[in-house]
Each structure stands twice: as C-alpha cells, then as structure tokens.
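Next come two complexes, and both contain chain A; in the first it sits with chain B, in the second with chain C.
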Partner chain A sequence: MRVVIPDELKIRFRYPARALGITGGVLMLVSILLPWAYAPEALDDMTFYGAPSPLQLFFAVLPLLLILLLAIPLVGKQRLGKGAKVVAWNTTAKTASIMSLIVVAVAVAAIAIGLGGLVNVDPGGWLALVGGIMAVAATLFLPDSPEPTLYRVKSPKWLQILGIVVLMALLLFGAAYILGFEDADDFLMFAAFVVGMVMVLRQFGVFGWLGIAAAANNRILVLSAFVVAFAFPFTQNGSDANMSVASQVLIFAATALGLNIVVGLVGLLDLGYIAFLGAGAFTAAVLSESAFATIKWSPPFIVTVLIAGTVASLLGLLIGAPTLRVSGDYLAIVTLAFGEIFRITMNNLDGNDGPNLTNGSNGIPGIPDLNLFGFDFGKAHVILGIDIGRFANYYWLMLVVIALIIVVFTNLNHSRIGRGWVAIREDELAAEAMGVNTFALKLLAFAGGAFLAGVAGSVKAHYDVSVTPDQYVFLESAFLLAAVVLGGMGTVMGVLVGATILKLLPEKLRFFSDYRLLLFGLLMVIMMRFRPEGIVPDERRQLEFHDTDEELAEEVEEELTSHHAHLYPEAGGFVL
Partner chain B sequence: MDLFFQQLINGLSLGSLYALIAVGYTVVYGIVQLINFAHGEIFMIGAFGAYATWMVMGQPTDWSAPLSILVLLPVMIIGGIIASVAVALLTERWAYRPLRNAPRLAPLITAIGVSVFLQEFVRLFYGYIPGFPDAKSAIPFPSVPGISGETIQVGGVLIQMTAVFTLAALVVCWVFLWYYVNRTKTGRAMVATSQDPDTARLMGINVDKVIMAAFAVGAALAAIAGVAHGLRYGNIDFKMGFLAGLKAFTAAVLGGIGNINGAVVGGLVLGVAEAMATTFIPGQFGSSAWKDVWAFVLLILVLVFRPQGLLGAKVVDRA
Partner chain C sequence: MLEVKEMVVAYGRVNAVKGISFSVEQGQIVTLLGTNGAGKSTTLRSISGLLKLVSGEIWFEGERLDGQPAHKVVERGIAQSPEGRRLFRQMTVEDNLKLGAYSRKDPAGVRSDMDRVYDLFPVLGDRRTEAAGLFSGGEQQMLAIGRAMMSRPKLLMLDEPSMGLSPIMTQTIMRTIQELQSEGVTILLVEQNAQAALSLADRGYVLEVGQIMFSDTGRNLLGDDRVRRTYLGID
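Take a look at the complex of A and B:
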C-alpha cells in the first residue's frame, strides 16, 4: 500500500501541506488538555480537562517532534547550513505523523473496547485522531529527503559518551516503566509510543550516529550496559513480580545465545536445542540435594555445572557425529527427533519402563536454592536499603553467565574458528575447498552450543525448583529459534532483543494467551518473508539475504572495510 | 510364529500410513530441496477435511456396508483431498515460493512457522464452523460400516479391516504414482525438473506448475493417510501431524529421500521395525513406551551407515 503523489502537486502545495501538518500537530498537542475517555477505567485516567495523564504526556512528545521537524526547515536552506543535508527532515516528519496516528488509534481502540463502544471516546480523543489524520495527509505531500548523514558529523568524545549514557538511562527507565504496567491496554499504548519514538529517531539518523559512537567507545558501551542491567533490581523496590519476569528473560536469553552460535554463526539448524537445556537441568536435579533426587551424591554447584555442561555436550557429540557429515537439512530433522527421544526417555526412566532416574513424568521436585560460596540464593538481602529478593539473586547470576557467553561469543566471532564458521555458513563447499576442516568445526560448534545450554539448564533447574519432562518440548525449541531469528541471527544484541520481546509480550498480554502460538507461527513466516535478517541484522547476513540489492551491497562493503580498518588495524593477509 | 505374522501385519499397516505421508516429503524434496516441515499438518488437515465432509453429508452412520465403502468413504476421501491440496497450494504460493532463492535456512524456518500456524488455526477456529465440534481436544472420527471394527481371521492372525484399507490404499496410490510419474506429461516434467531445474526450464517446462503439482500430489496422498489414520485410531486431533510427520520423514530418509519407491519401502520397513521392536526387544526397553525412540534410533543408524538411504540414489549436493 503506497500512496504516490505526483511531484508537481508536491511542489505546488509544499507550503499549505507544511501548514496543515503543523496544524495537525498542534491539534494533537491541544487534545491532551481535553479528556480522551468518558470513564477512567480504560488506559490511565484520561478524563480531566487541563490535566493530562502520564500516557497522554508521553504521547505528546511525538506531535511536538512533528511540529519541530516541520517548522525548523521553514527558516530556509541558507540558515540551516549543514543541517539541511545531515537530517532527513521530511521523511522523519512523515514517520512522526504516521506513528502519532498509530498511537492515537491504539488509544481510541483501547478506550472503545475497554469501555464498550466508540461513544466513550471524548472530544479530546477525536480531536487527536483528526489531528493525526491531517498530519499524515499533509506529510504525504512533502518530497522525500535523502538518507540522513548524521553519522558522518564529527562529534567530540564527551558528546558520544553522553549519548551512550543517555541511551542506557533511557533503557533502564523504559524497562522499569514497561514492566510496571498492570493492564494490557496501558502496555500496548506505551509500547506503540516506544516503537514510534524508535522509528522517528532511526529515521532522524540518531541510531546511525550512536552506532559510530558505540563503535568508537566500545568498552564504555559494554560497561555501561552492564551497569544498567546490574542496577535494574534496585528500581523494583523489592517487588518480586517483575524480577521473576526479568530473570526468566535472562535464562531464556542465555539459552538463545547458545543456540545463536549454532544457528547464527555456523548455520546449522538445531531443532532439538531444548533437549540440551533439559539434559543440563536433569543432571543438576539428579545431583541436587532434593529428597527426590535419584543419585545420592550432591557435589558443590560449581562441579555440577561442569558435569551438566559435559553431559549436554556429550549428547551433542553423539547426535552431531553421525549427522554433521550429511547435508544440513538432515540435521534439522535428526535434532528434532533427538528432542523427542530425550523427552520420551526422560518420561520412561521412571522405574517402570526403564531404570528409575527421573521419576518419569512427575520429574524431580523440591530442588533447593543455589548456594554459592555461602551465598544463599533463596534468601532476600537488603542492599542500600532496598530488598533484593530470590529472583534478583538469580537475575544477577544469569547476568554474569550472559556476560561470559558474550565475551566468548565476540572473541570467537573474530577468531580463526569464528571465521571458519561463517565460511561454512556462507558456502560449505567453498570453505572445504579452501582447507577449512568443516566437520570438526561444525562438531565443535554443536558440542559447544550444547555445553552452554547444559550450563543454563543447571541454573534453570534450581530456579524452577522442579524439573519435569514436559518443560522440554519441541515448542520450546521453536521459541528459542524464533528468538534468534526475530532478533537477528549471528548478533548478540539481536538475540537479547528477540528473547526479551518473546518473553515479555506474553507476560503482559495475558488476555491474548490463546492466540499466542498462532501469532507466533505467523510472525515467523512474515519475518522470513520480509525481514529474514531480523530486527538487529548482522551486516554480512543482511547481504546474504538481499544479494540482489546492489546499493545495500556497496553500503555494507564500505562500512565493513572502514569499520574493519578502524577496529583491527593489524588484520590483513590470510587468516585461515 | 503367529505372533510374528500378527506383528508383521500390524507393522505393514502402520508402515503404509507412514509411506503415504512420506511420498509427500520425498516428492517435494526431490524438486525443490525443501523439507516441508508442515507436511504433517497437511496430513492432519486432510483428516479434518474428511471429517468436515462427513458432517456436511449429515453425519450418516446407518448406511449399509457396501454403500459406505463405495460412496461414503470415497466422498470423505475426496473432501479431505480438496482441503489438504488447497492448503498445501496456499502455503506453497504464499510462504515458500517467495523464498525460493533465499538461503536454505529461511524456508525451513518458514516451514516451522507454517506448521505451528496450521495446528493453531485448526485448534482455535475449527469449532467456529456452525455445528462443528471444538478441535481443542481429540474428535472421534466417524466409523465407516464394513471397515471400522471389522476383522478377518487368517490362520492364527487377526487382521483389522482398517489395516486392509490402509494397505490397499497404499497399493492403489503406488500404482497411480508409477503411472503418473512415468506416463503423464506433468509427471515426466517433474522428473526432469528434479534432475535439473534450469535445463527443464529451458526445455519449456513451467517449473512453477511442476512444483505446485508436487505439493498437490503429496497433499492428496497425505489426505488419504489422514482418513486411514482416523479409521485406524478412531479419533483425530490437531497435534496428530507432528509425530506422524516426523515418522514419515524418517521413512523418507530411510528409503532414500527424493526416491518415491524408497519412501514406500522406507515407510513399510519403519512400520515393521517399530512393531517388531515392541514385541521382540526383551525387558523394559521393549515396552510400547519406547517404540518412538527405536524408530528415531533407526533413523540415526541409517544416517551413519547408509546416508543415501536403502534405495539410495546418488546424493548430489547442488551448490
């Protein structure tokens, strides 16, 4: 659906269009001073004159930006100077108007559904809707601006660091705020606003600039990201509900990061990855101090983790050795079959159909909380006057695990092994011809990924308190895969984003739970069709999926070479 | 010895079911090198389509045996085939075709998405059709007089009529497939495309049509298998495609993927192996709880010792 306005119309109406757009923006701004809803139950309380609710105030940022984007270019090209070229004024204004309209539409729909009918939408809501439609119609008449070149602007180091710090602060604030929502409609409207802001900033070129700033200040970025993530429990005032979600997200993300090595870097489709997580979890459970554990030997957790990882990677070798020799498609099905074998076996090792190891479908309940170096993960602690509960303890532990995985991942990615993996992913025959030992490298990735899953599983066993076979079904593998695909195969950032979205949305949209899987299936098909490289794409990967796009190819190549020369001045010659 | 023949018959009828589904995997894989992960769901939709046909016919239960076998059953099968072929062609058109030149991982992930989507679609919306039962739990499949519950005694071996039906269906389909592939224009075009799609296109073959035909043939056989499954087990549910699809794929690999005869032989071997394993493996591991494990172990063993499958043609890795 693309509305094309002829150029002569655009030129003829350029000033009226701008005026109409600004009017639309002003109408939306004014509307927050009026009530949007008849009753306070829908969204937050939007029934007052002259006293906007928090959600209305957030929303107002979008029309405000819209007005600025439309008004500033009016001073003329001369006075804008460099600014005329650096920023994509018109395109950004278009995005801002569309996003404002979407947020208003979500709000109006939420009011209409929540209160039972459109009659409950008050004048403010209608005014905002009219303003939004006016703005969208007006910005359609603006000529498209060229791609923003904000990232080329030289900026002092302090400004770059400030940018990163502001970004991290926003992330922390946004995460705490978004987890705080109780009602699905509030959550949806705020989510629409966040998506809108992200789209506007992206179009403005802010992310391009941040990307350069982040590349230049890599250490500071990583450090501040961890400081922010570490600080997150302090924003929760001892509330367990959100920390439980947050720690689940981290366990899920850690597992997805392991899968990302196998799928994203090497291109091996593993559909039974959950079985390795399960192997780790069952190992840890059997070796725990639970009264139901079938092996009466409970080593310290450090030892258990290593055993769990080893068991998982041995299983990986067992499955990988025969199947990694044949075409990659077989691997997908064999791993899938392996996942089923694992689940059935765990179900059958109940003393009835086989030796008793797992208590069958009852699993192993009553697994005690972790105790590392005398630190009891089950107890709440008071740090800086804030209660830090059980979930926060696990959250921090998983944070450390994820940090380790990321360090390993990024180092591997740029090593001889990592380059071998990428070569295999892109063209196995060519890689083999160039002397890459494809079988050994694939097996290494497979077993290594399984090891990580085993480690994550051993923590999960203690976190979940009980381990049963039906926690480790195919659908969970599909979810992990979806996190990797959604976020962006082969990137750390992408997988973290994907895991967060996939775990957070079902938590907040509980009324939708019946349709969750349906949408999930649809999402995977649509992602593969329209954006197979994911939300945060790996540059090389993006090229692979859009190999006919010449422009993109040149762009990526230019960026890769400049980046590379910048980051690895010593690189050169043959690496493999 | 009776026990052996009894299990042989059980295994052959189970294997015919696998074989009918496996043909769909093998035909599609032979032409587009895609593991159509959603094929198990096509099988499920065939069964639900046949059930829907039965509902539309006014839920006939009291027809005489000959009338049921000659009219009711064929009509149900045709209804199932229409449903499954329509869904298979839609998925091909909207999900797989746009990805034909994408890296291999992409269509496989799409196939998983399609599979989950189809399962959920049936689960959530089947009951919305007026008068239809909710598909969130298993639905009892209509019994066809003359087949359901009837048995034949041959010596010491008791043969279910549903087993006879499944075996007969496989034989008929096999003959049809042989004729279709070797004697019709589309079938020969299919063979040509599977050998070399580019040259086939140069020879004037419409590759898109050939691929659609491959999906349609596979879906039709899967629908017949769906009806056979319903008659055999007496009920159908939205999840039935997952395990059956997995087994059928195993069968296809066992026989040599891309080879139609291989899929049939592989299916029969897998079915017999499964039936024998539950009888002749001693001790706890011979209980029926382990039969799926043995089937998959067989798959892994085949991949180790004979990756090209039992009737394996050469495996050419088309770069």
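Take a look at the complex of A and C:
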C-alpha cells in the first residue's frame, strides 16, 4: 500500500500539512486526559478524567515524538545545521503518525470488543482516533527525507557504551513488563506500542547508529546482554508462571540455534529437527532416576548430557549419510519422514512388539529434578531477598547452555569450516570445485546440529518432568524452522529474537489459541513479502552498508543532495 | 602432465562425451573448441571430479585421477574456474579468494598469493571488502580466475572466461592467461571465442557432439579451413 502524492502538492502544502500534523499530535496527547472507555474491564482502567492509565501514558510517547519531529525542523535548515541531514525528519514523522494511529486503533478495537460495542468507546478514544487520522493524512503530504545517516556520526566510546546499556535496560524492562500482562488485550496494545517505537527509532536512524556502536563494542554488547538475561529472574519476584515461560523460551531458542547451523549456515532444509530434541529427551528420561525409566542405570547428568547428544548425532549421521549426497528437496522429504518415524517408533517401543524402552504413548513420567554438584534444581532459593524458584534454576542452566552454543557457533562461523558451510549454502557446486569437501561438511553440520538438540532435549526432559512421544510432532519442527526464518537465517541474534517471539506470542495470546496457526501463517507471509531476510539479517547480506567505505558513501550522499536541490530549488536542497 | 584416455561421460542415459582422448603437456596452453553441447564443460567437470566417468581413464602426473572426489582433485593441483563464474555472490572478494585457497594450509602463502591476485587485478584489491555480486561482469570474471589461482594449481582449467565480456575485457583476460603461462602454470582453456583462444594456444582440440573431430597446434588450427568456416565465420 503506497499513497502517492504529487511533488507539487507536497511543496505547496508543506506548511499547512506540518501544522495539521502537529494539531493531530496534540489532540492525541490531550485525549489521554479524557476517558477512553466506558467501563474499566477493557485494557487497563481508562475511565478517568485527568489521570491517564499506564497504557495511555505509554501511548502518549508516540504523539509526543510526532510533535517534536514535526516542530523541530521549523527552526530552519540553517539552525539545524548537520542535524538536517543525519536524521530523516519527515519520514520518521510519517512512521510515528502511522504507528500512533495503529496503537489507537488496537485500543479502540479492544475496548469495543471487550465491552461489547463501539458505544463503549468514550470521547477520549474517539478524539485520539481523529487526531491519529489527521496526523497520518497530514504527514503523507510531507516530502520524503533521504535515508538517515545518523550511523555515520562519530560518537565517543562512552556514548556508544551508554547506548548499548540503555538498550539492554529497556530490553530487560520491556521483557519483564510484557510478561506481567494477564490480559491479551493489554498485551496486544503494549506490543503495538513497542513495535511502533521500534519502527520510529529505526526510521530515525537509531538502530543504524546502534549497529555501528554494537560492532565497535562487541564484547560489551554480548556481556551486557548476558548480564541482563541473568538478572531477569530477579525482576520476577518468584513468579513461577513467567519464569516457566522464560525457560521454555530458552529451551526453544537453544534448539533453534542448533537448527540454525543446519538451515541458516549450510542451507540444508531439515523438516524433522524436533526428532533430535526428542532423541535427547528420551535418552535423558530413560537414563534418569524416574521409577518408570526402562534402563536402571542412572549416570550423573553430565554423562547423560553427553550420551543424549551422542545418540542424537548418531541418528543425524544415520539419516544424513545416505541423503546428504543428494541435494535440496530430497533431504526435506527424508527429514520430514524421519521426524514422523521417530515419533511413531517411540510410540511403539512399548514392549508389545519388541523391547520396552519408552512405555509407548504413556512415555516416561516422574523424572526427578536435576541435581548438579549438589545443587537441587527443584528447590526454591532466596537470593538477595528475592525468591528464585524451580523454573528460574532451569532458566539459568539454559542460559549457560545457550552461551556455550553461541561461543561454538560464532567460532565456527568465522573459521574455515564456517566459510565452507556458507559456500555450500551459496553455491554447492562451486564450493565443491574449490576443494570444499561438501559431503563431510554437510554431515558434520547435520550431526553437530543434532548434538545440540540432543543436549537441549536432555535438559527439557527434566524440566518437563515427563517425556511422551506426542510432544515431538511435526508442528514443533515447523515452529523451529519458522523461528530461524523469521529471526534471520545464519545469525545468533535473529534466531534468539525469532524464538522469543514464536514462543511468547502463543503464551500471551491464549484466547487466540484456535487461530494461532492462522496468525503465524499470516505473520510469515507478511514477513516474506516485506522482509525476506528476517528481523535481524545476516551481515553478509548487508555488505553494501559497510562503514569503511566512508568516502564512497559521502559521494553518494552529495549526489543525492544535489539531486534534491535540483528537484526542489526553492527549499535549498533539503525540503523541510 | 594430464592425459585423458577414451573418456565417456553421461547424463542419465545420454552420453555427453563419447570416448575422447587428449593430453596436456607441462607449461602448455591447450584449448578445447566446440559449439554449445559439444561436451567441453562436461570434460572439465569430469576432470575436476564433479562428474563420474562411465568408462575411460584420466591420468595426472603419472597417477590415476578419475574416481577421486572433487576436493582431492583440488589438493592434487587442479583448479577450475567454472562456466558462468559461479562466484559466491554474497561474500566479499576476500572471502571468495579465501575459499579458492580452501585446500591450502599455509596462511602466509595464501596471504601472499592473495596480494598477487590484487596486483594482477587492482580493481579487486581496491574493493576487497565488497560483495562479489556487486561487481561488473568483467570484474567478476577476474575474480573467478583469481579465485581459481588461489589454490596455487599446477593445472588451471578455465571454462569460457570471455563469455559475455567486451572485446577489450576479453583481451585483458587473455593477456592474464598468457602471463600465468609464463609463470609456469599449465592451462586448459575452453572457449567459444576461437580467435582469441587459438592465438594463445600451443595446441587445440575441436569437439563436436562429444567427440574430438581433429586437433593440431593453435597456429595451424587458426589457418584451418574447417575451423575458419565453423568458428571464425570466414569462408
């Protein structure tokens, strides 16, 4: 959808449009002082005069930004100086108005649905809606600004580090806040707000700047990310519900990271990856101290982890060796079948025909909590006066596992092996002609990815308490693949983001449960249309934006500005 | 150095190469000429180990080469710049060259060979951190040749290096090939541009539908009526 307004109109109406946009923003700001809803049940209580609810306050940030974005350029190009060029004022204002309108629309819809009809939307809601529509209509008349060049602004190291720390703090706060929502409508409105803020900041050029800052301070970024992740349980004050979700996210993410090697780096489409997670889980269950375990030998967990990983990677070798010689579609079909064969086999190893290994569809229940070096994962602890429950223990364990996986992954990615993998992904025949042993490398990726899934599975078995075959269905494989594709194939950050979104959304949107597959399908279609490289794209696909080519970039920019000057002579090159 | 004996290669049931024999001597430039579908690229791929022989033998430096997997062939000292260049388009110039050197385990030597490629093709050195896909056709061809050189091959096989290039760029590429020869690299060149190829070649073989029709020195072939009619369009 793209509304095209002729340039002449844009030039002619640029001041009225700006005024109208600011008015719309002010209307939205004023609206939070009025009640939006007739009754308190919808969203958080939005029925007061003069006392905005938390969600209304969050929302207000967007129109406030909109007003600033529209008003600041009015001081004139000269006084803005460099600021006129580094920031995409107009385009960002457009994004801010559209995102404000979306958040208002979500809120109004939530009130109408939640309370039974549009009559329950109070004047404040309507005022905000009108303001939003005005702002969107007005900003469509603003000429597009050139791409923001904020990332090229030289900034001192302390500022870069501060930026990273602020980002991390916001992440921690946002995660804690999002998990705190009980109602799906509150969650949806806040999620819309978060998406809106992200879009506005991205358009403003903040993310480009952060990207440079992160690249320059990689170690600090990774370290602070882990500190934040580590600190997360302390924000939950012993809430098991949220920590349970969080640790499930981490288990899912660890598995997705394993799949990311196979799919993201080497480009092998594996549709039965969940079977490796299942293999690890069943191995750990069978070797656990559960009364239902079919093998009465229980090694310490460290040994179990290694056995589980090995069993999974042996399975990987078993199906990889014959199929990896052929390419593409065959592998997808074989792995799809393998996933099903695994599940059905686990269902049938019940002692009726053949050995009893898994108790059939009953699976293995009663798996005791982990006990590592005398630390009982089932027990709650009190640290710094804050309750740390069972789930938080597993959360931390998975955090360590993920840290290990990331270390292995990044080292591999920048090694000779990683280079060979990516070469296979890009052009297998060329890679072979260069002397890459493609079959061995593919097999290594397949077995290595399976090993990681097996490790994750062995923790999952203890976390879930029971292991049954029906936990490992094709749908789960599809979700893992979706997490990798959605987040950004071949990147660590992207897969973590993708896994978080795909695991968190269904938990928080339980009333959508019947439609959640429909929603995911829609989400994937939209992503593939607008951002096929995923949320966090692989750096190899972004080489054009390399920051070492400063001179070249400067030239292009100058050309762009002179082009603008040619188009809009009276505005002096840059149209405000 | 390289000897191909009665080689037969098939795609499915169709024989693409029907029992050809030829040899390449140390330090020579040998060219395979032929129209589309004559089996030139198939021949190169078979030598590289990317295709399996139905029958026949390939010998390299007195040892049997056929049946070896592709990565072993590279280790033995044969590199190929494949048809259509087949660069790793999303990788940088530097990563492409590193992949060309994949079989080598001497980082210092790889480094100096990389500098040599940059000397030979300065445009690659100037833009070494850019993605290969952003380069023009001629530059990509330079990179493809440079990449093949990175394994420090004894025998370098080039599959239609002049394809899609302007006459000037073709000249540059051909001059480079001559330079490589003077440095002691043996070259097996597949070309449609018979004029350019034959003026360099010590020996040429003319292929038609999977068979070698005739062969001679490059100079003689340039004067040969059949070659002039079919490939140079001169009556």
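Heads up, the rule we're going with is that the second predicted complex is superposed on the first by the 529 of 576 C-alpha atoms of A that agree within 3 Å, B and C clash if a C-alpha of one lies under 4 Å from a C-alpha of the other, contacts with A are read in each partner's own complex, and residues count from 1 in each chain.
We adopt the following convention: a residue touches a chain if its C-beta (ideal position, glycine included) is under 8 Å from a C-beta of that chain, and two chains touch if they have at least 3 such contacts.
Keep in mind the model is a prediction, meaning the values are calculated, not measured.
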If you stack the two complexes on chain A, which partner ends up touching A:G435: first (chain B), second (chain C), both, or neither?
second
Residues of chain A touched, compared between chain B and chain C (which is higher):
B
If you stack the two complexes on chain A, which partner ends up touching A:A332: first (chain B), second (chain C), both, or neither?
first
Thinking of the overlay built on chain A, is A:D427 touched by chain B (first), by chain C (second), by both, or by neither?
both
So in the superposed three-chain picture, is A:R419 touching just chain B, just chain C, both, or none of them (first/second/both/neither)?
second
Starting from the residues of chain A touching chain B, keep only those that also touch chain C in the other complex, and list them.
427, 429, 544
Show which residues of chain A lie in contact with chain C when the two form their complex.
416, 419-420, 422-423, 426-427, 429-439, 540-541, 543-544, 546, 548-549
Interface residues, chain B side, partner chain A - complex:
29, 33, 35, 37, 95, 98-99, 102-110, 112-121, 124, 242-243, 246, 249-250, 253, 284-285, 287, 289-290, 292-293, 296-297, 299-300, 303-304, 307, 315, 317, 319
Tell me, which parts of chain C touch chain A in their complex?
48, 50, 69-71, 73-75, 79-80, 82, 86-92, 95, 98-100, 102-103, 129-131, 134, 147, 151
Chain A residues touching chain B - in the complex, by the definition given at the top:
263, 267, 269, 271, 319, 322-323, 325-330, 332-334, 336-338, 340-341, 344-345, 347-348, 352-355, 427, 429, 474-475, 478, 481, 485, 489, 514-515, 517-518, 520-525, 528-529, 532, 544-545
